[in-house]
Amino acid sequence: MMDLFNILVTESFWAASLRIASPLIFGVLGALICERAGVLNLGIEGIFVVGAMCGWMAVWLGAGLWGGVLVAALAGGLFGLLHAFLTVPLGLSQHVSGLGITLFATSVSYFTYRTALPNVSSPPRIEPFQPMDVPILSDLPFLGPVLFQQTALTWLALLMVALVWYVMDRTALGVALKAVGDNPDSVDAQGLSVYALRIWAIVAGSAMMALGGAFLTMSAFDAFFFGMVNGRGWVCIALVIFASWRPGKALLGALLFGAFDALQVRLQTEMGALVPGQVFLMAPYILSIVALVIAARSADYPRALLTPWFKGQR
Amino acid sequence: AEKLKVAAIYTLPVEQQWISRIHKALNTAAERGDIEYSFSESVANTDYERVMREYAEQGMQLIVGEVFALERAARKVAKDYPETAFLMGSSFGPVAPNFSVFDNWIHEPSYLTGMVAGAATESNLIGMVGGYAIPEVNRLMHAFMDGARAVNPEVKFLVNFIDSWYDPPKAKESAFAMMDAGADVMYAERFGVSDAAVERGIKAIGNVIDTSGDYPGTIMASAIWHMEATVDKAVSQVAAGTFEAADYGQYSFMAYGGGSLVMDESLVDAETVAAVKAKETEILDGLFRVNVNDQRPVSDN
Amino acid sequence: MIRIEPRENPSRAFALGIPVLSALIALALAAIPLLAAGANPIAAYGQMLKGVFGSVFAISEMLTRATPLIFTGLAAALAFRAKLWNIGAEGQLYLGAMAAVAVGSGLLDISGVLLVPLVIVMGAAAGAAGMVAPTYLKVRFGADEVVTTLLLNFIILIFLQMMLEGPLQDPMSLGWPQSAPILDQGVLPPLMDRMRVHSGLIIGLVLAAAAQFMLVRSVWGFKLRAVGENAPAARHAGINVNRSLFGVAAISGALAGLAGVSEVAGLKGYLTTDLSPGFGYTGIVVAMLAGLSPAGVVIAALFIASVFVGADSMSRAMGVSSFLADLVVSMSLLCVLIGGFLAKFRIERTGRRGAKA
Amino acid sequence: MTDTKVLKLNGLSKRFGPVVANDDVSLSLNRGEVLALLGENGAGKTTLMNMLFGHYLPDAGSVEVADTQGSLQALQLGHPQAALAAGVGMVHQHFALAENINALDNITLGSEPMLSLRRNRQAARAKVEELMARSGLTAPLDVPVGRLSVGERQRVEILKALYRDARILVLDEPTAVLTPQEADTLFASIKAMTKDGLSVIFISHKLREVLAFSDRIAVLRHGKKVGEMPTSDADENMIATLMVGAETPKVTRQAATPGTPLFSLKNVSVSGRSKRDTLNDVSVTVHANEILGIAGVSGNGQTGFANLVSGLAVPSNGTLHVHGEQIAHPTPAAMIEAGIGRIPEDRHHEGIVGAMSVAENMVIERLHDPEVQSRGLMRREAIQANAERLARSYDVRGPGTDAPARLLSGGNIQKLILARVFERSPRVILANQPTRGLDMGAAAEVGRRLLEARNRGAGVILISEDLDEVLGLADRIMVIRDGALIEAPNRNRTQVGLMMAGEPA
């Protein structure tokens, strides 16, 4: 118990939590945007891969770090557009389309990577985002190391939380997005296009998801590996429900998951001899389910989630 | 002479450290003009048997791969294609007439890198991040730990497995956690660990591949696996028509050039360098045998 | 502006022709990655056909690949019919496999007549438990089953690793995380000499037929459909919605568990952590392609298996990256989805302003 | 009244597959006029208005709308945006409100620039408040719409249209869910606004309000316009005849003597999640040969009461007896078993499984009946025969008994449910808003069936917001308010209406 306490008060633990949470923040915000508009995007896992691969490849080809971020977002948006096309005007099953996009995006990324680099035995590396050492702030006790030694992409993630919150809560666009996910007819009757709103929401959300992937290859690491997304996208799908589709809670959920994960590593190292290591690996997932069970009753779903809408039909 | 047709079947992408060594040896042979090389990577175990049969049907003369998860099935296939030579990473023995086995027996250089690490640690705490706790990994970790304890009886270890072959960000986080707990030398079994070491400015020990070029000033020593000895031996035997079922494991030993130690002598103190070299000679001369222990290693506390 | 109108009387040939056509279009699209990798597409298609139908071996391999997909496809199809979104077939598959090796690999040394059914029943029961638990969380707490079943996949996989390093580990495995093999008398017998296709396929086909019959003809199927299509109305009409949900959850989980049994007792013999290359997830795709019809699941599973086995074999013959196989499968899936849509609806272009007279 | 035209529909036609919903319909509207659009269920009223508003694209025809100067301009079809810009506002038959955002946001939705980062909420609020003051239609602006009552939602819908400066307001069955008083207030407000030049088309099945509030009447039948006249020239009979092409028989209730108690509640409370499904200490007895009418403003506990009788809600205290036997654990199955037939309020969501066939929906409440199943298998021939028979005797019309039930029109769905319920000769019948949204013919049919059941000895509980319906059918009237049931002292329309609104009788 003393150990646990010691871990929880260290700065490096919280810095690690935020670092681990960063890609999840992008992912859960992306999922949030799509689902607020009424469309489940199970393509997220594949879109993470695309973001990781394209962002990294762009930097490797000389596009520069921010160029890579942009390329990742565009690539994610492109796959989002495909999902949007299948699920919005065509109204196909969102589950299947999403899983199809995941398979498609993953295999396109892998195939492209291998075709471009047929004979590497160790993946080429790029110069990734470095922790930003903000002169005075970084030296603040506690907060300094936790917040001010993160990379620019972590800051972008936090900025995105604020931005998504602002758009959802304070702008006409946000209101329309929420409305289209609750009752598309309400939007249609006010002369707005249900299709356009949903399509753009999915594109934007997918671009956001791709940034989560890009974080992995451009900030958390400096090269692309097969399989490195490792289920992070799926975790976001769980977190968005935990977050009741609210950006602030999404941040909280991602941080909690990050903290569980950071804790898990530390506990496994310390107590690995007493308990099988897997117990700790499971912990973040089990705790997510527990959190969901606690939060479930209060979660109010976007009512139109999973339901396609066609103009002029009832 | 006619080029030998060789196929390899990997269950993971060729970037995976272990596989990359086989891939490299085969590519070298292909470049030399000895063989015509094709491969399938990321083959699911479910599909592995089919791929073996397909290659055998295509008339491949030598098939290389790893059959740890399908030892029996693979031997069945070999029996069905007696004309084809099989050289497979395996925990079990060879089967006559055509099924040979190998494994990455680089516990010897691992022991030596352990000596380097044991001498280098000031906190007497060494961190080790692994993928899965499989014998191939456990064995090297134990050899490393034995080496470190041999030079530093005080040393303790933190051990962590991330249950993934490919999650460098996760491996990196594990490494950070160990450094937070006081580890000042890292055993880098996975990609990601050395990166964490670089960021915190501490030293690391490499495994299987030589990454010192990627992390100059960080990697003190690495235990390197060379598949060339194994592959070349098998290729020449198939070409000569003398291929037999045999355990090629020994070709990964240092004595055959299958395992070696690389050391960045600028990072290691002279006394240790000397001790390590002496031990290396002992091993090469057959005077010292490194213990083999396949159990899952755990942290000391 | 476009409008989407249901087709009034799609002809049978049309309804069958469109999916076939879309599969062909998907294959045509596969030329893009082939050309990018510098391979000749025409030769590739030949190799692909050969890889699936070129020999008895090829066909038997395709059937082997299709077998688990029939089980997981049925698992998804039945649950989805009740609008119970079971995304956890992957985890349930492993639960079934774990139970199968737990009882089948030496715990009980009994004759095959008893052992085979026991392995099957235990595997099914374990899979069922894996779906009943999240269903309970849904019914009792309102916890969304998409999320819980998805997360359970991770948990079960980690649990599996733990079991294979612990109680289920084969003492003879030299430390490898794998189970002891199923006893010889517990193995599902192969269907053909020297081929891998095994009697799990027969079980799958029988269950598909049974599921189809039950869904269409039985009171159970009636209730299931009613609950899925409109749960409030079903409840109002006196149908015990929760009981129906638990029932279908158990059956769905059991089917996924049987996929694990079939793989481990029919094919591999023992259990490792990579028994399934995502059969659980592919099962969802199979089920949806089949329009959630059990009979259709069989066809869709054969289709997906053919495309994969064909493309995989082709990638080897053409010397292009083996990731091509998944790429071709995913493209076929997307094209067939769109094709299925076009078979049911037509898209009309309408004038941007005003109406046509 | 001026005679300047503000709207002309010219020869609009629309087909849905084989159904001709509108066939060459022309219509015009004058400034400041209230036009009532009448017709049976499915006559094409909503479709016509949806074409005007741009939801549907006509197959043929055109629309002209007067601009602010008063000259008629062709309207771009198929674009609600264009209709809104031209000053056409529409209040839909089914609410088109997003429940997760508040009324103010619902009202301003689509009127602000989408990509702007700032919103002028003060100005919007001021304008809405001014509109509320002027029209007398008020609603809370800051709570999510999901928490508003139906009446409030209806007013939000109208405010939405007015906010867009609608000069032409289309109201599709705006009073279907309102109490008579609410309806009267609504029409009074609308009438007042026509003085300022607002022109109105409204659709209704309630002839009383049509005759009271409209200036002119247009009647559709099978998609064609079959008549048009000033309201002053019309009377109920004549309109009804125009609508159905024949005279509809009137339903008349003859007095009957109540028999033995069939259903009783003693001090029953139900704790629900909202006011709608909460009951406080309710005691009531329904006898054989009796129709008990429960009047009340929607949201006062009707849902709780209906859930209780349907077996969906469990009483937190009190006892429930059916035919003298106590039912300790009410479930829908137990209630069906006890002989209670239920006609649910929401026929689409609780009454039928739309994706299943008409025949299947007809047996869904008796799956254990050996006539329907044997040894766990459905008896298809018997089910089919049953469906044919019921469809004939209850006049369920539609694409056939094999077709999915969702394809039936609302009226026919209701007939399907009636068939299913009455077929079992239930001892007690719960009819919750049984004629909501039905045309006169269909509504009369429901009334006739309920009376018939009562005459054969059943006890009927009729829950309705339509006071006229309650007055016309019920032998005894109670009013539900705040989850409590109060006996009405007499059958005076005004007095019962006041009781519903919460004023002392």
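List of remarks:
As written, the chain order gives the labels A, B, C and D, with residue 1 at the start of each chain.
In this section, contacts are C-beta pairs under 8 Å (C-beta built on N, C-alpha and C of every residue); 3 or more make two chains touch, one makes a residue touch a chain.
By chain, UniProt protein names: A, C = ABC transporter permease; D = Sugar ABC transporter ATP-binding protein.
None of these values were measured; they are calculated from a predicted model.
The interface with the greater number of C-beta contacts, when A-C is set against B-C, is A-C.
Ranking all chains by how far their C-alpha centres lie from the centre of subunit C, first place goes to D. Distance between subunit A and subunit C, defined via averaged C-alpha coordinates, is recorded as 27 Å.
As a whole-number value, the distance joining the C-alpha centres of subunit B and subunit D reads 75 Å. Centres computed as Cα averages put subunit B at a distance of 36 Å from subunit C.
Work out the mean CA point of subunit A and of subunit D, and you get 44 Å between them. In subunit B, the positions touching at least two other chains are 41-42, 133, 163. Residue positions of subunit D touching 2 or more other chains, listed in rising order: 57.
With touch defined as above, residues shared between interfaces to two or more other chains in subunit C number as follows: 3, 158, 161, 165, 321, 323. Going by the touch rule set out above, the chain pairs that meet are A-B, A-C, A-D, B-C, C-D. Residues of subunit D touching subunit A in their complex: 50, 53, 55-57, 79-81, 83-85, 90, 92, 94, 96-101, 105-106, 108-119, 160. Taken together, the subunit A residues at the contact with subunit C in this complex read 40, 82, 86, 89-93, 95-97, 99-100, 103-104, 106-108, 110-111, 114-115, 118, 231, 234-235, 237-238, 241, 276, 278-279, 281-282, 285-286, 288-289, 292-293, 296-297, 299, 310-313. Those residues of subunit D lying in contact with subunit C across their complex are 17-18, 57-62, 74, 76-78, 310-312, 331-333, 335-336, 342, 344, 349-356, 360, 364-365, 367, 373, 376-378, 380. Against subunit A, in their complex, subunit B makes its touches with residues 12-15, 20, 23-24, 27, 41-42, 127, 133, 158-170, 172-174, 176-178, 180-181, 191-192, 195, 209, 211, 214, 298-301.
If you check the complex, the residues on subunit A that touch subunit B are 10, 12-13, 16, 19-20, 110, 114, 119-123, 125, 216, 220-223, 225-228, 230, 261-262, 265-266, 268-273, 277-278, 281.
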